[in-house]
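Right, one structure below, let's go through it.
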């Protein structure tokens, strides 16, 4: 397959190409909007013989997709898949089983709202649902990043000291179906970066038969979960090393936390996903008006890079945290992480929570401007003078809590 | 089902992923400590089977119907009962076709010599109602 | 490549290198392990085994012990067939790429085990999918007619009149009301190349069917009756007797279906015994012998007879 130095790809195409170039041995997947094109593209690659001998299993549900991936990975080879929303929710059980068995499966999550009511557009409710499943979570904000982070994900997950599955998130439709210029690597360069798959304890090695998926009773379970958590918490080194190697190869630098004009910012907005693009434009506009504002975007969501986040936000005077999922009863997930980090670093400043973009709801510079100016008002008052939880671009009278 | 104390490991002292190996050397069939062969369920028993070689025809019914792989056959002949794994279910006795049976259940503490000495004689054929 | 061995008689069979170890925690007298031993010892291929949550999983892999002398995987309740679907495709891919870790010069076969809970109920979609996709995979249902590992709840395999904790016999109820699902029909229609019903009491038939299934370049399904001493309520030492009653009463007929169509009846009992005798031997049907519930036994006899008749006629018709 011919790959050009400049391609015009949407996020789905970028992800599927990276999966192809990584020479997956098995991809088991099920179609669901908006990740379906990943599955379709991959099927076409297989049909054209462009997957270097790998194969594709068209399973009968997303739960079966992840189950087949687990079986294939335990058998001993490189495995990846993709899903969204309802499909992700359906396979949640297996996500925990995959990480518990320490299988380095790559999952592209094209983030979409969770029913009910049914909605096929982008928000982070699926991302937030699986955040505790013990996977490494990285977030792509555009097609280039979807491509790059997929290649990095294979290398990170398969590292001997890590050996954990990795999710690569991208916003449904907003990234997955938005076509942009992408600079991919050649097939050989990409595979050379990812490297050969290293087998660890594969079922197909009959000199060392192994049982996967044992049951641990109360005298064992804690130790096993602690062991798994330790691997996740200690994976920062491998992630950083992988990002460094990728920068050497491509010139593109990835960090745990991406900052934009935040070094001297007094009001900072923290967010994940495609909204960060619009936030950068908002920051530029407000900077032109003389306001000291900045953006902090989370690239690696789990393990949570608390030190890097603290470094980026601790000098702010007020912070707004944006969550693209209805928290249903409390503050948003990202808010909770940020608030805890601030407290742990002795930083006592007003922090606001904004719920936005649910079900693909548009978020414009005008909306985001208010997110900054609300923080500014709190800064001026020296305390929180705005509601704790607000909704962005919600039709109807103001809805806020606390 | 408590693990024997000497097998409890610290959170960083075992193969990640809760994996269990069957053998240390599969070729030589050297059991790993994690093979259930190394775990005894003898304390499940109330009664145990005792074998009488005098009557056994080595039909292997007991071998195939033992749920606990506790009838050990060597060279197509009954060899011995694996008392570490026998749960005393009594299937081996039920399926034994000889008359008298070559396997019978006795109380756990019974001495083998006593059991053999008290072995019943051949049963006369009876009219059985089906 | 070698892996299929000829087993002429039981003495020969007894020379098998054991693939399933004692020291597991299945109840005394449980037929699960009798069946599993017969199936796994029927072949010398490399085996990758999958199993679903339930008695067979819980009792054979309580950390830190495993009873499986071969590579095995348990993911969850529904998906042993799917785990092996993935493993089987990985095997084929690695074989083509020349990257198999180590196979001792033998072919590898894939056998999934699941209880009737996993097979008839929660995992039906997953197994149907695996059958439809044509994997070279044998799925064995260890059918003890209920969710026995969790204390005996009903499944769609529980026969009418069977008392379970979620279909208990009571003052006004005679227990399970629904008929047993025809899992063989479902699997045959899902694309299984070969489906067969077996009993551990007929080891030769079971071994022949296992070997046949493993020689097929496609999916197979075997349903094995597995009487449960704990929840069917009979004494452990009678396990093989109950197995025999099940097949001699034709409650659990032994037959096979090839290519989803050709049906062959494998065992015709010399003396077909009344279902009443089969049920009388088990405590889970005890309440049916009360006058107000005896009609259930009669209805069940009619059903078993009708089903038996159907099998015989279908075999005769060759469809």
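As written, the chains take the letters A, B and C, and residue 1 is the first residue of each chain.
In the analysis below, contacts are C-beta pairs under 8 Å (C-beta built on N, C-alpha and C of every residue); 3 or more make two chains touch, one makes a residue touch a chain.
If you're wondering where the values come from, they're calculated on a predicted model, not measured in any experiment.
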**Asked** More contacting C-beta pairs: A-C or B-C?
**Response** A-C
**Message:** Taking each chain's centre as the mean of its C-alpha atoms, which one lies nearest the mean of all protein C-alpha atoms here?
**Reply:** C
**Request:** Calculate how many whole Å lie between the centre of subunit A and the centre of subunit B, each centre taken as the average of the chain's C-alpha atoms.
**Result:** 54
**Message:** Can you work out the whole-Å distance between the CA centroids of subunit B and subunit C?
**Reply:** 24
**Request:** Using mean C-alpha positions as chain centres, tell me how far subunit A is from subunit C in Å, no decimals.
**Result:** 43
**Request:** Would you give the residues of subunit B that are in contact with at least 2 other chains, written as numbers and ranges?
**Result:** 1, 3, 14, 18, 20-23
**Item:** subunit C: positions in contact with at least two other chains
**Value:** 61-64, 66, 68-70
**Complete:** So subunit A residues touching two or more other chains come to 206-207, 209-214, 216-217, 220, 224
**Item:** subunit C-facing residues of subunit B, complex
**Value:** 1, 3, 7, 14, 18, 20-23, 29, 33-41, 44, 58-61, 63-70, 73, 75-76, 82, 84-91, 93-95, 105, 130
**subunit B partner contacts - residues on subunit C that touch it in the complex** = 10-15, 17-18, 20-26, 28-34, 37-38, 60-70, 200, 203, 235-241, 271, 273
**Partner subunit B, residues of subunit A touching it in the complex** = 100-103, 163, 201, 206-214, 216-217, 219-220, 222-224, 226-228, 230-231
**Message:** If we count contacts the way the header does, which residues on subunit A are in touch with subunit C in the complex?
**Reply:** 25-26, 28, 53-55, 57-61, 63-64, 67-77, 79, 93-94, 97, 199, 202-207, 209-217, 220, 224
**Request:** Mind listing the subunit C positions that touch subunit A in their complex?
**Result:** 46, 48, 50, 57-58, 61-64, 66, 68-76, 78-79, 82-87, 89-94, 96-97, 99-104, 106, 108, 125-126, 128-129, 132-133
